[in-house]
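Below: a set of structures, written as structure tokens.
Across the two complexes that follow, subunit A remains constant while its partner is subunit B and subsequently subunit C.
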Partner chain A sequence: MVTAYLLLAPAVLLLVVVLAYPVGWEAWISLTNLSPLNDGGAVFVGLDNYRRLAGDADFWRAAVVTVAFAALTTLAKLALGVAFALLLARPFRGRALVFLAVFLPWAYPASVSVIGWYWTLSPPIPTAYSAFMGHLKISVDHALGTGAWSFLAVTLFNIWRGSSFIGVFLLAGINAVPPELFECALLECRSAWRRFWLVTVPLLRPFLALAVFLSLTTAFADLANVWLLTAGRVVFPVIGTHAYWLAIKAGEFGAASALSLVLVPFLLAVLALLFKAFDPPDEARA
Partner chain B sequence: MSPRPWWRRLGHAGLVLVAVVYCVFPIYFMLVQSLKSAQEDVFGNPLIVTRPTLENFEELFERKSEPRNFVGRALRRDYPFVVWLQNTLVIFGGSVAVTLAVGVAAAYALGRLRPPGFRWWRRAIFATYVVPHTILFVPLYQVVIRLQLDDNPLVLLLVYPTMALPFCVWILSAYFGNLPREIEESALVEGASRAAAFYRIVLPMSRPVLIAAGIFTLGTIASDFMIASVFLLSEHNQTIPAGLATMEVALDELLAVAGINLMAIPVVLVCALFARGYVRGLTAAMVEGS
Partner chain C sequence: MAQVLMKDLNKKYDEVHAVKDVNLHIRDKEFVVLVGPSGCGKSTTLRMVAGLEEITAGEIAIGDRVVNDLPPKDRDIAMVFQNYALYPHMTVYDNMAFGLKMRKFAKAEIQKRVGEAAEILGIHDLLKRKPRQLSGGQRQRVAVGRAIVRHPQVFLFDEPLSNLDAKLRVQMRVELKRLHDRLETTAIYVTHDQVEAMTLGDRVVVMKDGWIQQVGEPLELYTKPANRFVAGFIGSPAMNFADVTIQGSDGTMTAQGTGLKVGIPPSMAGRLAPYKGQRVTLGIRPEDLHIAAGADQAPYVFDAVVDVVEPLGSEILLDVKAGPNSLVARVEPSVRLKVHDGVRLAVNPERLHFFDSTSEKAI
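== the complex of A and B ==
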């Protein structure tokens, strides 16, 4: 047993130093009014920060945008991912190359592709496609409201990269299913649509659940991409950028901590539900 | 299987084509821009390059390019791109190694040795994914300063592994847990120590899953830009993402696009090389033996 804990120690230590302690600090600070603009130390204010949030119209707007963004991108990523996986599941000529193409959006480092994506959609002045993109941006913003173009840019980027990951991930899931099972299904049921829901989806359940969770966390936590794609001008607030703004520009660490922690219970609840679906099946064997 | 009618094959080919264009086009577009001369960038067709040139890439590698004309010198800075590239490769390689070492140890403990409550340990480790990174760097900076690691590339070796570790521990422990016990036990009966049995037998068997974990780690840390630019302040310590974010885009657009591609080339090459192993490893981790 000692060996087990010794082997576990480095991982736990890393997570405590880098994640647990900072989150604990945030949780404590969210109950105070810490701000570099105040004189003296932080004063304990209880749940005041959370209460203020509940009455703040900006917060609710950001919350709605965040949830819509996460739901929209997750659904789109799942749909595209399933399509990619099914497309690649059966052998055809050139499948290896198509597989690499599908893998590429995820493998291409997002830290830099997001920068390239931004310049493509909002090009600097002197390029051949600037005028075209400018017109597109103006007409989209005009039709759907200011900020729509940026929202679209972030959404498209998230879907583009995420669907690649989920597609490859689900392909791994399909590969794990013995082909006889699909052949049986083919004999039992003629409708491809019903076959998909009755056979493929249940078999892929652990993979789908894991994919949904990873997609949700990146969507909620996706501050950096929003920040970059909108060039720091927050035309549509999500909770992440709102919290960043409060902390860094307004110096209200207490309120910002409260804001950034708001989503944690929600994500934990989702995770608790999903654990059932993707816990490794070793319980019964142990 | 009966041969499929021509219209179904055509439909399939059409879908494949759409998928490939959707996935590759943005990358193709960036590649084309990086091969353009400034003149073609302004007057040419944005979708193709008629006279490809490597001058943007060459400029990245010239530490001190010849003095530009006055306006250019006044406005444009030189970027220590070679240093950034070196930092990036070292930090990425190091982070993947740290993640795998720490992850394999933890996964072996959870999947094989199974201390009491191992399921909850594993769930707790995985649940760290709910932590929002939004303003996490504020308290993290306190830790970093306490450890005297501020403006030190080593800090990324501490932070990056935590971004991929939960997933890696998850799949590795699932795989270790599903390996038949007899494999190891026969070695133990022969008189090998537990560590020897692990190195000689379990580790080589897990190669595909290790590859899957490594590629996942590489893809995850290569997407970070925030942490790198917050913690690496001086120019000679930065990685490519952190450095690119400081570039004046309107003036150096082509140079920056070339930089993007240069950063992507090694990462994409490694990923492509191990792409099949990645899929095989994920499959093995989630299902095999159960």
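== the complex of A and C ==
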């Protein structure tokens, strides 16, 4: 018994140091007024920071944008990823090249992908194309409100890069399913659409759930790409950028901590649901 | 109920010619087994009948319909796969009902048919379970059940017993045979196991390298193999082969090999006369070799040395050396012999086999 705990100790220690302590510290800070701008140490303020958020229009805007961003990108990535995977699952001439083309956006370093995307949308050299893109940006922002173009750019970038990853991920999933299961469906049902919904989707359910899981977590935490693409000029806030501004630029550590923690319960609930889907207990028992 | 007709059937992949000029007429209600080593084209042939592989050339007809361009679903066949191919996310009932639901059968009819099939296969208690909660044998029963609820014109079996352990395989073999007697549906069954082929098939088709080697009833394949491959493939332990030269005049012909000399009975002399002085392959089944006794005539007796003794209880397999030739003899369990003992063996002369050395065809 003692030996078992001793053997577990290094792993537990690691988790405490890199996970439990920072999260606990952040949770504590969110209940204080800690700021480098204040004299003295942190003063406990209870739920004040959270109360302030509830009445803050900027927060609600950032929260809505974040959820919309996560939901939109996840849905699109899933649809495109499934299409890529199904396309690549069957043999055809030039399959290797298509595979490469699909996987490349993901395999490239983020900085290179981001710069490529950035220059595609706002070309550095003045040409007819750059003029066109400039007009497009203005008309989109005009039609949908300032920041809409940036939101679109970041969303499309996330979809472009992420669907490539999810496609390859789901392809691995399809390859893990015995081909007889698909063949058997072929013997019973001619409509490819029905076969897809009745057989392919349920068989891939664990993989789909994991894909959504990964997509959501990265979308919620996708501060870097937003930052890189908009060059720090955050014209539409997501929770991540908003918290960053509060903490680093405004020095309000307490409020920033509260802000970054506020979506965690919601995210955990979604993840718990997904976890059930990709690890169904009734099948694991057998 | 339907016959299946394959005419000049061919399947070519980029570099492999998997099935070559297969012509086969499977009669209504017949149970035909395709057997051969892996890569012989048996599964590809079956999959072409199912519609899972495109036909490169030739024609397949089920009943009176040519099905070449018919999608699998419309061919009125049901297939049982080696790894069961049950949907893990559906219960046993839903798995069995799937094909009927897809064909929009009424709920009552589906219930009736699934109930009947479950009764026949003894899986009534399992209907609410998921496949993962079943043993291998139960899963294969469900897979068979899923096929029979459809009342198809033809059953296709693709190595359905290969994933089961030896004991269960024998048991399911018997059940499948009983099932076929009861349902009387045309069936095509693919296996690499010659025992399954012999026990299940009304007729057996032996294939190798994409060619049909021989089509016949099980005993016919056993007693009159068309060539050396069939002779060696059917039967366990396999037939003994030895290179011999045909010698002597019409009255007293012998097959003479190194360390082995066997007389040729008058009944075979006519057939072997053209091969006089030539090398042929002699084939002797293990049960056609026995310890020589007084009744055995001198020309059909030869000396050998015991190499390995394999007692099986009901019989002993005697591995012997006659010169450089390794032979297996199936002898009485009462025989007491040790390794390196000398032994006189006699052949059953009327059951010798001879094969042309180049064409390998039976003489």
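Convention: the second predicted complex is superposed on the first by the 251 of 286 C-alpha atoms of A that agree within 3 Å, B and C clash if a C-alpha of one lies under 4 Å from a C-alpha of the other, contacts with A are read in each partner's own complex, and residues count from 1 in each chain.
The rule is short, and it goes like this: a residue touches a chain if its C-beta (ideal position, glycine included) is under 8 Å from a C-beta of that chain, and two chains touch if they have at least 3 such contacts.
Just so it is clear, the structure is predicted and the values come from calculations on it, not from any experiment.
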When both partners are placed on the shared chain, which of subunit B and subunit C touches more of subunit A: B
Partner chain in contact with A:68 - subunit B first, subunit C second, else both or neither: neither
Partner chain in contact with A:25 - subunit B first, subunit C second, else both or neither: first
Partner chain(s) touched by A:253 [first = subunit B, second = subunit C, both, neither]: first
Partner chain in contact with A:202 - subunit B first, subunit C second, else both or neither: second
Touched partner set for A:15, first subunit B, second subunit C, both or neither: first
First (subunit B), second (subunit C), both or neither touched by A:103: first
Shared contact residues on subunit A - subunit B and subunit C: 282-283, 285-286
For the subunit C and subunit A complex, residues of the former touching the latter: 50-52, 71-74, 77-79, 81-83, 85, 87-90, 98-99, 102-103, 130, 132-133
Subunit B to subunit A touching residues, read off their complex: 12, 15-16, 19-20, 22-24, 26-27, 29-30, 41-46, 101-103, 105-106, 108-111, 113-116, 118-119, 121, 123, 125-136, 138-140, 142-143, 158-159, 161-162, 165-167, 169-170, 173-174, 177-178, 194, 219, 222-226, 228, 240-241, 244-245, 249-250, 253, 256-257, 259-260, 263-264, 267-268, 271-272, 275, 278-280, 282-283, 286-288, 290
Subunit A residues within the subunit B interface of the complex: 1, 3-5, 7-8, 10-12, 14-15, 17-23, 25-26, 29, 83-84, 87, 92, 94, 98-117, 119-120, 123-129, 132, 160-161, 164-165, 168-169, 171-173, 175-176, 206-207, 213-214, 217, 220-221, 223-224, 227-228, 239-240, 243-244, 247-248, 253, 256-257, 260-261, 263-264, 267-268, 271, 275, 279-283, 285-286
In the complex, subunit A residues that touch subunit C: 178, 180-181, 183-184, 186-190, 194, 198-199, 202-203, 205, 282-283, 285-286
